[in-house]
Structures are given as C-alpha cells and as structure tokens.
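Heads up, the next two complexes both have chain A, just with different partners, chain B and then chain C.
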Partner chain A sequence: MNVLDITDLSIDFPTSKGVVHAVSHFSLSIPHGRRVGFIGESGSGKTTTALAAMRMLASPGFVAGGDIKLNGVGGTDILSLNEEEMRRVRLRKISYIPQGAMNSLNPVMRIENQIWDGIIAHEGHVEPSELQRRSREVLAGVGLEPHVGQLYPHELSGGMKQRVCIAIGVCLQPDLIIADEPTSALDVITQRHVMQTLREVQDKIGAGLILIGHDMGLMAQSVDDLAVMKLGELVEFGTVKQIIEDPQHPYTKELISSVPLVGGESFLDSTGSPPIQEDAGDVPLLEFQNVSRVYGSVTALHPMSFKLDGKVPKIISIVGQSGSGKSTMGGLMLGFNAPSTGQVLFKGQDINALSGDAALTFRKEVQAVFQDPYACFNPFYRVDHALKFPFKRFGLARDEAHVEQAMEEACVAVGLDPSLVLRRYPHQLSGGQRQRLIVARALMLSPKLLIADEPVSMVDASLRATILKNIHDLKDKHGISILYITHDLATAYHVSDYVMVLYHGHVVEAGPPKEVIGNPQHAYTRLLIDSIPWPDLARDWGSAEDAKRDLQKLGEIADRPETVFRGDVSGFALQTA
Partner chain B sequence: MADQTVTQSEEVTAKQIRRMKRFDNPWRNPKLIWGAGILLGIVAIGILGRIFWDPDLVFTGSGMTRQAPVGFENLRGQAGTWAHPLGTDGAGRDVLALLIIGAPNSLFVGVLASLIGMSIGIFLGFSAGFIRGRTDDVIRVLSDVMITIPPLLILVVFQAAYGDINLTMMAILIAAFVWQSPTRLIRAQVLSMRESGYVQMARLSGASTMHIMFREMLPNLVPYLFGSFIANVTTSIVTAVGLEVLGLGPQRIPTLGRTIYEAINSGALIQNLWWWWGIPTILLALMFIGLLLINLGLDEVSNPRLRKL
Partner chain C sequence: MPRIPASYLINRVITLFLTVFIAATLIWIIPRLSPIDPADIMLGRMAAGAGSVEGSEDILAQLRENFGLDQPLIIQYFKYLGNIITFDFGLSTASFPTPVSALVAEALPWTIGLMLISIIITFIIGNLLGALMVWDHSPNLVKVAIPAAMVFTSIPPILSGLLLMWIFAAKLQWFPLTGSYGLNVEPGWDWDFMISVLHHGFLPALSIVVVTFGFWALGMRGLMITVQGEDYTKLAEAKGLRPRYILYRYMIRNAILPQITAFALKIGMLVAGQVLVERIFAYNGVGKLLYDAILDQDFPVIQGVSFVIILMTALAVFLVDLVYPLIDPRIRHEGA
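On to the complex of A and B.
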C-alpha cells in the first residue's frame, strides 16, 4: 500500500521575470516502509516537491496543478485540507528532518522539552511521567543515552543534534519521514552513523522515507528506490540497483560517473610530464620547521616538519575530517596566522618576517583557491575586479589591453567562455563558474605554489571533476606546486603525488596515494575509507552498531597517535616530532 | 511585452508584478520614496520660501502681534489676513517666515551633527575592527561608557557655560554624542567581514590595509551607513530641539525649537495662540515621520529578509 501518491504535480514560483516552473508534471508514489531517494543538483526541485507534501512551500511558490494524496488521512488530497487539519497531519502523519540540525533546535530549551512539544501539540495533555517515558524511548531508538534529554543543544555534537532531530521526527510514528540532506553538514564518519540510525528507526516504525540528497554514493547505501530530478522534472525512476547498474538518462549517467572511486579509472588524462623549474636552486620551495599551532587550550596542529622541493611540481594532499587541523595548515602556509612554535619558510625566508617588496613577492608566488566560491568575490564589483586587481598590483600588467588579453586567455584555459563570464557581477554566475574564475585568477598570476583549500566541496557534483582537472593542469602545464586540502579521499587518490592524513593535528599516515588510500594501514585512515558511501551496492556500509563501534575505536586512537610512513616521493620529505 | 503574455497566461496580476519588481529593485521602496519626498518638501519650503516670501519678516515687529492664520480669528476677534497667512507671534514676527528660516536650520543642525558623528564612527569603527587588540579595547570601552551618559544633561551644562552659540557649534557639540552607535555597528560589520572570502582574496592579492578597508569593505557597508546616518539625524534633531525648547542653543537664529520655546514662554498655550507653537510642532513631526520612513525603507534595502513579496 502506498503512503503518499503524488500525481501530476506542478509548482510555480512567480517572479518579475515571469513564472519559474520549479516542478512540472511530477508523479510518484511512496509505498509503505520503502525508502525513496530524490537526487539532483541544487535547483532541481527536489526539496520543493518534498515541502509541497508538507504544505510548507516558501512564498510566493504555489501548487499550480496536480494532487498529493496521503493515505493516512483517508486518501484525501492534502492540498484541500484547511490550516488546522494540515497542522494535525504534520509530524503525526508526515515528519520532516531538516538539513541543518544546528539551526533547527531551540537553543534555550532542553532536548526532552522539544520532544514533548510535538507530542503535546498533537495529543493535548499527557502525564509528565508518560512524556518522560516516551522521550527516553525515542532517544534510545536513535542511540542516545537518557541523560541527553536533560541537555541543551549547544552541549551536543553535530551528529548528536541530527539524531535528536530524527528522534523528534519519529516520536509520533508518522507514516512518512522526509529527510532533507540530513547529513550534509557532517563528516563522513558521523554521516555513516546518522544514516544507519535513520534507516533503523524507519525500519522499526515501518514508515515511508523520502531522502533528499545530491550524493550518489550516499543514496546507493541508504535507499531502495531512486528518483533522479533535473530542472523540476523526474528524468528517471527505478530501484537503486537498476539505476546504478543500468542508467538510462544521460543526466543519471553523468551523476554516477561524477563520483570518483578509489582505485577506479582516473578522471584525469595525465599527458606529459610537468615542466621542471630550473631556477629553483637548492633551497626548498616551502619548508615547515617544527611548526605547531595552538588556539587557547586546543592544539590545532602538533609540531611537524616537512620540505617541499619546488623543482618538479607536485600535488601534496592533506586529508582529514573537520577539526583535524588541515585548514590551519593552509592558513599557516599563506601567512594568515603565525605558528605558535617553529617557522614557515618560503624559499628559505621566514614568511612571517617579510616586509615591503619581499612580502609582495611572496604574495605573488603563493596563491590560494578557497572553499566557498560565493564568498570569494566582492559583491560590489564585477568579477573582473578579482582578476584585474592582483594582476596590476603585482606589476604584471603592461597596459589595459594586456590585462584584458591575459584575463581572456586565463578564462579559456579553465574552459570558460570569456564573453559569458567577464564583466558580470558575481551573483550572475554559478558556483562552478566562480570557482573556475578563481582558478583562472591563480593561473594569471602564475605563482610557484597554490594552496587549494577544499576547492570543490561546495560545487555541484557534475562540475567537480572539471575543476579538479583545471587545478591538475596548473601543475602539469604551468609547473605550479599544489597543496590540496580536502576531506574527500577519492579525489585525493587521483589528483595527488603524496598524501598526508591528519587526525587531531597529527599526521597519522603519509605516503604515495596508491599506498595510503589504496591500502590503508592506520586504523583512522581505514575508518575514513570505510565510511565513504560508495555508489556500489556490493560494498555495504554495515549497520549502525558497526558505525558506533568504529566511533568508539576512533576515541581510543585519539590518545596514541603515531605516524605510519608509507614510502617517500622525491622532492618531498616529512618528519614529525 | 514578454511580461504581458506571461501575465495573461499565468494570471499574475499587475499588482503582483509591481510588488515583484519592487522586490528585485529594493530602492523602489514606497517607504523610502515617501520619506525622501517629505524631507525634500521641507527643504523646498526653505528654498522656495526665500524666493517667494520675504525672509525679513522674521524680525520683531514685522506685523501686528498675535494675528491668527487666514480663516481664523484671534482672541481680539481679528480675522487673519493674507499679509501673514500663518499668523504672527507675540512679537509680531511672521510665522510663515519663521518656518521658512527655522525648518532648514533645524534640519541643518541634524545633518551636520550626524555627518560629523558618522565620520568619527567610521574611523573608530574601522580602527577597532581591523586593528583589534588594545585599540579595539580602548575604543569599545570608550563608546560603551559614552552610551550610558545622558547627552542632554551634559549639553545643558555646556550650553549654559557657552551662552549664545551658532548652529555649527551646536552641531559639533551634539556630534560628540552620536558617534557611538555607528562605531559599534561598523566595528561589528568589519569584524565579520574581515574573515570573508573576498577580503582574504584581497590580502592574497597584496592589497594594502587602506585598500581593503576603503575599496573592498566600505562599499558593502553603504546600506548600513545610510541607515545609521538617518537614525543619527533623527537623534541629533531631537537633541537640538530639546535644548532649544529649554531656551538653550542659538539665541538669535530662528529654529523650530526656539519658536516653540518662545511660544511656551509667552503663555501661548493658555492664550490659545495655537498657530504659534502648533505649526512648528507639526513640521517637526513631519520631519521625524519622513526620517522614520527613510530608515524603515533602508532597513528593507540592507536586509532582504524584511522584504515581502
């Protein structure tokens, strides 16, 4: 029996430039106890469809046609319910698990009060002891201790908060759970635990589940059926097995192929060897001498030393979870923050003791690509400003025509059409276009070293490979050494010449990617790789119990970090103190 | 043309289209337009009045004393005449001329005080937010302490000591009390902005501190600065009028506050000479409503979440 039947649903958003059809002629049924994934890029209408089922569309959007029948209320069209009837349906029949758990919980209420709120809103007066019993039960259901109910949201970790949101969502045993990218703010290890928890509670209460997401791997590990959406239309629907093994629509094929696999075929076509920098001399390009960084009582980076020889350009990957100290390393290399101990040397000079011309030269030779392509452009200026200004500032420009020519060449080199991107305001460009412009900017300045801090984590999946290829070209064609900071082991595997795995500020494993990621030795690296959701049904994720056991194991590792060296690469030498 | 076809087929009303256009271009905000209209009207009274009306009528004895406006009678039963359309005060000064000279003066004090206050605020706010450390501590403590001091109290003492002062001096004195809130506002914005991607990009581009502050950050602060400026104009005018109604401030220059002070002082309230104090009060109220509307409009410009579709 179906929980929800969506027939011929269309949703329109009127704007001053005409009506935007966010969803058009969408039909789908969610059977009881079945997990259905909605996958698509941002703007494909997946969240809008789910919100329409809750009748929670953001103004001015409205349902232009079709109906949504919910069998829990006798198969009536929920679009015909009045506000009060709809209120009764929400949470009791359909519950919604939001994307950012950190913003969804009330910061001034205890967890159990927030669970009770939902119960009281639907059942009226309930005895306190009964409330107590039920909140403990749902918390236990998502693997949280009873005392968690007494805590405030700020006392919980991101993963725990997300599990509290699941607990609230299932406390009235709804017929349908809608989970909107419930793990997008979590790291892979926590993501695995949360998803397993969600699957298990859903199984137990037998509800239907709509999981919204953009990660094919996560879908493969979590759902039964998959609905692929593009520009508001359902382009393909079928079981996960069918879609992954035999995708029909070209867009689905693109989505699947955009997920890089460890050990799989490379998405880069490495041709030729990178140009050798003859003028480098004997001084290493970048050197960390016993560098550490302490913030208050937290040590973000434990003392480490390495030498990067710039003669043969290399891509060095630094991988780890959030909070592992990888972005701190990036900041230290750029001179944005000073090390607590030790020195960061660039071409033999301490970068924190540079002044005047030397500082300007250092800036020219060390450039960066940051995570957030939306924040990197000043909204006040056209995008040209970000490219032109440094070019002139570093004295590379001969005249205005030269600047124009250099900008256009750089755009072409990263695969952008200059006439479509230049002279526009940042908000007129997509995230992918902006991130490629930042790469083009780095290319124009032809630095010696590029720090790429999570350059593709905020870009739609289908564009990631292209941007990584652009960055890889910087090494191959332009001889730029690159430090690639990422949490994504699969891309690090393909892109890099050397990988360092960071955990709580310690390097736990380092060596060539084929060794470190292809055949991990350290428990943490292995855990990271096991937690990646592969778009491969044969590689199962295990149960919530497994995930919990792994998290406990992680806690044990934290006390005795040791580095596993997995071999050397010429031109890069690492020592940890 | 394209819009119209959409209108018909999708049944979007013209009203909705208008509201959406307003959403896309926040400067076409009715509050902003009305507020600016009112203020420009007051400025226009000042300019046109000097051309079409005789400003010398502000002097004592320009006409009969206590004349009613046109269409009304005073206590002596004399009907108002077109020689003094808004009547005259207890010293025979023409009320219309007082408004023509006084209203722009009051506005001038407010704008000048606010401009000076904003300049101080921008300088201190940027210094505190950008340099941080000890400088930030000093500036923050100073502005926090200043916020707790009631300005009127200090100003009364100051003015009593100075005696007669001119409008500029008055504006400078008031400016000493309106720099704190822009300082705090700009400091907070600068603190969050200095971590933003484009500021980091500018640092990577070898930009100087001055370039980052004034070319990268300041343009993005413009809506906030406008809002803060208007709020400060309101505060400054309130303070100035407050002082004037107490009989302080410029003694020889007509302002709206001074006119009200003289009316109260000569017993205009009990003698039912309502035009003497009432008309300047209405003009002040209009001024404040205009400023408030502009401020609300600017709020919606700088904070898109307040905008409704």
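On to the complex of A and C.
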C-alpha cells in the first residue's frame, strides 16, 4: 500500500509579473517503508512539492490542481482537510525534518520541551513521567544521551541539533517522513552519521521517507527510488540503480556528470600552462612565518610556516571541516585579523605593518572571493558599482570608456554575457551569475593573489564546475596564484597543485592532491575521504555503526597532532611546528 | 533555577557604578560651564519681590558661602560627590530653603505611579498588537484596525493630552481637568483618596498610552516578521502545534527579547519624557518639578532631578541585565 499518492499536482505562485508554475502535473506514489529521493537544483520545485503534502506552502503559493492522498484508497485527502484536521496530520502522520538544522529549534526552550510540546499537541495531557520516558527513548534512538534533553539548542553542535530534529520527526511514529536537505549544513563526517541515523530510525518505524537534496552521491547512498525534478516537472523516475547506471533524460545525465569525483575525469582543461611571472623577483609572494592564531582559550591555528613563490602561479588548497581553522587562515592572509604569533609577509613585507600606498597596493594585489554570493553585493546599487568602484579607486581607470571595456572583458573572461548582467541589480541575477561577477571583479584589478574561501559551496552543483573553471583560468591565463579554501575534497583534488588538510588548527597532511586525496595516509584524511557519499552503488557508505566508530576515532586524532608530509611541489614550502 | 555566572554579575555591577559616577560628574560640570550665577538669580528674585535690596554685595557673598561656591572647584566637586551618595542635592534656590531631596521625594511617587503604570500598560498593549499584526491567524478586523490606530502615534503628546482633556474633562466631564487628586480629599491611604488619585490619573495615563503604544507595536511588528520567517517557527507549524501556542511560546517569546531592553531604557526616560503631559494636567510629578525648575533656573533642583533620572535608567538597565539570562538562555554563556 502507498503511504502517499500525489496525482497530477500543480502549484502556482501568482506574482506581479504573472503566475509562476512552480510545480506542474506532478504524479508520484510512495509505498510504505520506501525511501524516495527528490533531486534537482534550487527552484526545481522539489521542496514546494513536499511542502504541499504538509499543506505548508509559502504564501502566495497555492495548489492549482491535482490530488494528494495519504494512505491510499480510503485514506485521507490532504487537500480537503480543514485547518484543525490538517494540524492533526502534521507530525502524527507526516513529519518534516527541516533544512536549517542550525535554526530549527526554539532557542529559548529546552530540547525535551520541544519534543514534549509536539506529543502534547497531538495526544492531549500526558503524565510528566511518561513524557520523560518517551523523550529519552527518542533521543536514545538518534544516539543522544538523556542529559541532552535538558540542554538549550545553542549548547548543541550542528550534528546534534539535526539529530534532535530527527528525534522530533519520529517521536509519534509517522507514516511518512519528509527530510529537506537535512545534512546540507554539516561536514561530511557528521553528514554520514546523521544520514545513517535517519535511515535506521525510519527503517525501525517502517515509515516512508522523502529525502530532498541536490547531491547525487548522498542520494545514491541513502534512497531506494529517485525522482529527478527540473523547473517544476518530474523529468525522470526510477530506482537509484536505474538512474545512476542508465540515466535517460539529458538533465539527469548532466546532474550525474556535474559531480566532480576524486580520481575521476577532470572537468578542467589541463593543457594550459600558467604564464611565468618574470617580474616576481626572488622574494616569496606570500609567506607565513611561524603564524598562529588564538581566540580566547581556543587555538584556531597552530604555528605554521610556508612560502609561496609567485613565479609559477599555483593553486594551493586548504581543506578541512568547519572549525578546522581554514577560514582563519584566509583571514590572516587578507590581513583581516592579525596573527597571535609570527608574521604574514606579502612580497617580503609584513601585511599588518603596511602604511598608506603600500597598504593600498596590497589591497589591489590580493583579492578575495567569498562563500555567499548573495551577501557580497550592496543590494541598493547596480552590480556595475561593485566592479567599477575598486577599478577607479585603485587608479586603473583611464576614462569611462576604459572602465566599460574592462568590465565587459572581465565578464567575458568568466563566461558571462555583459549585456545580460551589467546594469542590473543583484537580486535580478542568479547566485551563479553573482559569484562569477565577483570573480570578474577580482580579475579586473589584475591581482597577484586570490583568496577564494568556499567560492562554490552555495551555488548549484551544475554551476560549480563552471565557476571552478573560471578560477582555474585565472591561474592559467592571467598568472594569478590562488589559495582555495574548501571543505570539498573532490574539487580540491582537481583544481589544486598542492593540498593542505587542516584539522583543529593543525596541518595533518600536505602534498600534491593525487597523493594526499588520491591515496591518503593520515587517519583524518582517510576518514574524510571515506565519508564522502559516492554516486556509485558499488561503493558502500558503511553502516551506522561504522559512522559512529569513525566519529569516535576523530576525537582520538585531535589528541595527537602530527603532519604527514607527502611529495613536494616546487615553489611551495611548508613547515609545521 | 539557572545560575548566573559571577563574572557576568561583577561586570554588570561595575557598569552600573561607572555609569552613575560619570553621569553625576557631567551633571556637576555642565551647569558650571553656564555663565549664570545662581546667587545672582536669587538676589534678583529677592529684588523683584522687595523692590530693592540693601547691601547686595554682602548678601551675594553670604549666598555663595551657603552654596559653597566660594570654595575651589575641586573641593566643590568632592563635596558634591559626597553629598549625592546621601541624596543631598542642597537647597532649592526657587523654594529656598526647602532641600531638593524633599522636593524630589514628594514628586517621585506621583511620577512613578502614573508613568510606571502607563508605560507597563503601553508595553503590554503595544507588543500584543504588534504581534497580532503579523500573526497569520489574527482576525482580519484586527489587521485593519491596528494600523488605523497607529495614526495616534503621530500626534504629539501635548496635543493628544489637550484633546482628551477637551473631550472627557471639559465636554463630557467624566474626569477632572487637572491636578493629582481632588481638593476635597486628604492625602492618606484611605479609599476616597485612592479613588480620587485613580480618577485624576486616568486621563494623563491614557494620553501617554495612546501616543506611545505605536512605538512598541511597530518595533514588535518588525521583530515578529523576522521570527515568523525563522526555521523554528516553521518547524513548530510542521509539528502540528496549536496556532495560539506557537504565537506565545515560539514567536512572541523570542521577538519580545529586544523589546525588554528597550523597556529598561524607557523606564529611565519616563520621568523626562512626559514633562509636558504632567505640565498640561498640572500633575505634581517629577516632570512638572523639572519644568518649573528650568523656568526658575533652579540649578540644584535640575541637578537633583537629572541625577534621579540617570539613577533610574541605570538601575532599570541593571535589573534587565540581571533578568535577561533568565529569559534568554543564550546570554548565560557570555562572560562565563
């Protein structure tokens, strides 16, 4: 029997520019106990479809046609329920595990209260001792200690919060669980543990599962069936095996091929060779001399030294999970925060002791691309402003015509059509377009060094490769050295010339990517690589037990920092204390 | 009961004392920058009363000695600091020789009674209406009526006060025109006096509520819109919680937090902020005392009232700082 039948569902959003058909003629059935993945880019309608089953569409969206039925023939017609009846369906019949684990819990309520209020809302008065017993039981089910119930959300890590959300989602043993990108904010190691937990509890209560996501690898390791969505339409549906091994629709093929794989075929044109920078001289372009950074009692970065030679441009990747100290390193290089010990030198000069003109030159020669393409533009100005302003400020502009020409050239260099993006406001452009404009902006200033901090983590998977190609071109065509900060090992594998793996502020392994990522030696690097979900059914992700054991292993690694040095690359020298 | 870290407490106590000390010093410095000599003014007042004054130089010297103005500034300053610790602000020049502390002590209960009650009512009504403007399940009537009521917010309190006086006191004669209590009752803790006080306080309180609830409502509306978009509010709905429970425990509970800080600041302001309301209703509070003192250039009273205002603000902020960790668990970590 099916737990959910969606028939010919259409969802419209009336806007001032006409009606947007967010979902059109979508039909799908989910059998009991089956895991179904909804995959597609942002705006493909996957979340909207799932929210329609909860009757929680964001205003002004509405169901324009079709049926949503719970528990098959003789079951519940979701769309015909009144408000109170619908409220009773939520959590008890269909539960929802939200995307933003970080903010999904009420910050002023203890965890157990947030489990209890759900139980009480559906069962009325329940004895306190019974509530205690049940919250402990569901927390134990997701691998959390009983004392977690008495904590407040801010006292929990991201992974723990997401597991609390799962506990809430299963506490009334619903027929269907909808999990909306439940692991998108988590690092790979925690992601594996959370996904395994979700599968385990879902299996135990026999509920159907809708997993919404955009990561083909995660889907391959987590679901039975896969629904591929594009622009509100179901373009392909089948078992994961069928879809990964024999995709029919061109869009599905694109989704699969856009995932960069460690050891897989490179998406970059590797024939180019970076132009030698003759004017670089003998002084290293960027140098860390015994640099460390301490915040209060936390050491974000342990003392390390490296020299990056500017003659032959290179891409150096810094990889690690959140809290590993990689963004701290980026901030140190940009002079945003001063090192606690040691010096950061750019062309031989301490960047924290630059004055006047030297400081201005440093700002021009060292550019940055940050994670969030939405937050990088001032929403009140047209995007031209962000491109023009630094260009004029650094005295590169001869006249207006020259500025226009430079902007257009920079847009073309990152694969954008100037007539489509210039003179627009940021909100009129997609995330991918904005992020490429940020790269174009940096390029216009002909910098020597680019710090790219998670430049593709917030753009859709299909665009990541393109933007990384743009960044790679900066090295090959424009001779810019790049520090690429990322949590994504697969892209680091393809893009970089040298990789440093950071864990708790220590460099644990460093060397050329083929060695460090292709054949990891340090226990932490191995753990990272093993936790990546592969879009390949033959490579199993391991069981929940494995994931838990690996998490424990992490704790042991933190106690004995050591650096495994792999092969050397000319022009880059690293030392750790 | 959650524990407040000692370091947090010590921090706040130090802040309290520093604020009061700096403010007290400023209150002392500012009048001394003024070219007006208080002894001169008193003499002028005597002269105006008596027609002429014999031996004005001697009287001036005597007055300066009485006020301690003949001593070096630094000594005056330390004497002043010593005095204000015991709430001794000297003697009023306008109502010489009544001590300032006596004038303030007489006026303060009236102001605290009137203002505190009206600001608490305003806070509750304003925030509730602000929350209802955003809440999806509010009746449509509420959503239309509240913005319309906001019109009152743009009326200056002096006008709304006069308007209320005209309608309810002059035309309908439901409430007395002015004063803090009726002439036919004796102050005391008896029933008649209480009724008279409430009867007289109603219009001034209403004029404050009417013009200031919009401040809270608008602030709350903005905060509620943010909270409404938070993931935890969406999850609360997805959990099938009752709408009213979500409104109180998830939305208002979180949105109210910044409003409470603003509330503390308002408590201090209530004395100074409603001077005009006290003035037009001839209400014998601190506001009216301050207003009269400014007209009479009665510096000791101005100083005394200013100090009380600052002390009240600092104490209110201090109290809110103490209460805050109890209502927002995230604060407990700061300073720990």
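Heads up, the rule we're going with is that the second predicted complex is superposed on the first by the 574 of 577 C-alpha atoms of A that agree within 3 Å, B and C clash if a C-alpha of one lies under 4 Å from a C-alpha of the other, contacts with A are read in each partner's own complex, and residues count from 1 in each chain.
Keep this in mind: a residue touches a chain if its C-beta (ideal position, glycine included) is under 8 Å from a C-beta of that chain, and two chains touch if they have at least 3 such contacts.
The structure presented is a predicted model; accordingly, all values stated were derived computationally and were not measured.
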item	value
Partners on chain A (chain B, chain C) - clash or fit	clash
First (chain B), second (chain C), both or neither touched by A:121	second
First, second, both or neither for A:386, with chain B first and chain C second	first
Which of chain B and chain C A:98 touches, first, second, both or neither	second
Contacts of A:12 with chain B and chain C, given as first, second, both or neither	first
Contacts of A:108 with chain B and chain C, given as first, second, both or neither	second
Partner chain in contact with A:334 - chain B first, chain C second, else both or neither	first
Touching partner for A:377 - first (chain B), second (chain C), both, neither	first
Residue ranges of chain C in contact with chain A within the complex	230-232, 234-243, 245, 249-250, 253-254, 257, 327-330, 333
Residue ranges of chain B in contact with chain A within the complex	2-3, 6, 10, 12, 16-17, 20-21, 23-24, 196-198, 200-207, 216, 219-220, 309
Chain A to chain C touching residues, read off their complex	54, 56, 87-92, 95-96, 98-100, 102-109, 117-118, 121-122, 152, 154, 165, 168
Chain A residues touching chain B - in the complex, by the definition given at the top	12, 14-19, 59-60, 334, 336, 359-360, 363-364, 367-368, 370, 372, 374-381, 386, 389-390, 393-394, 438
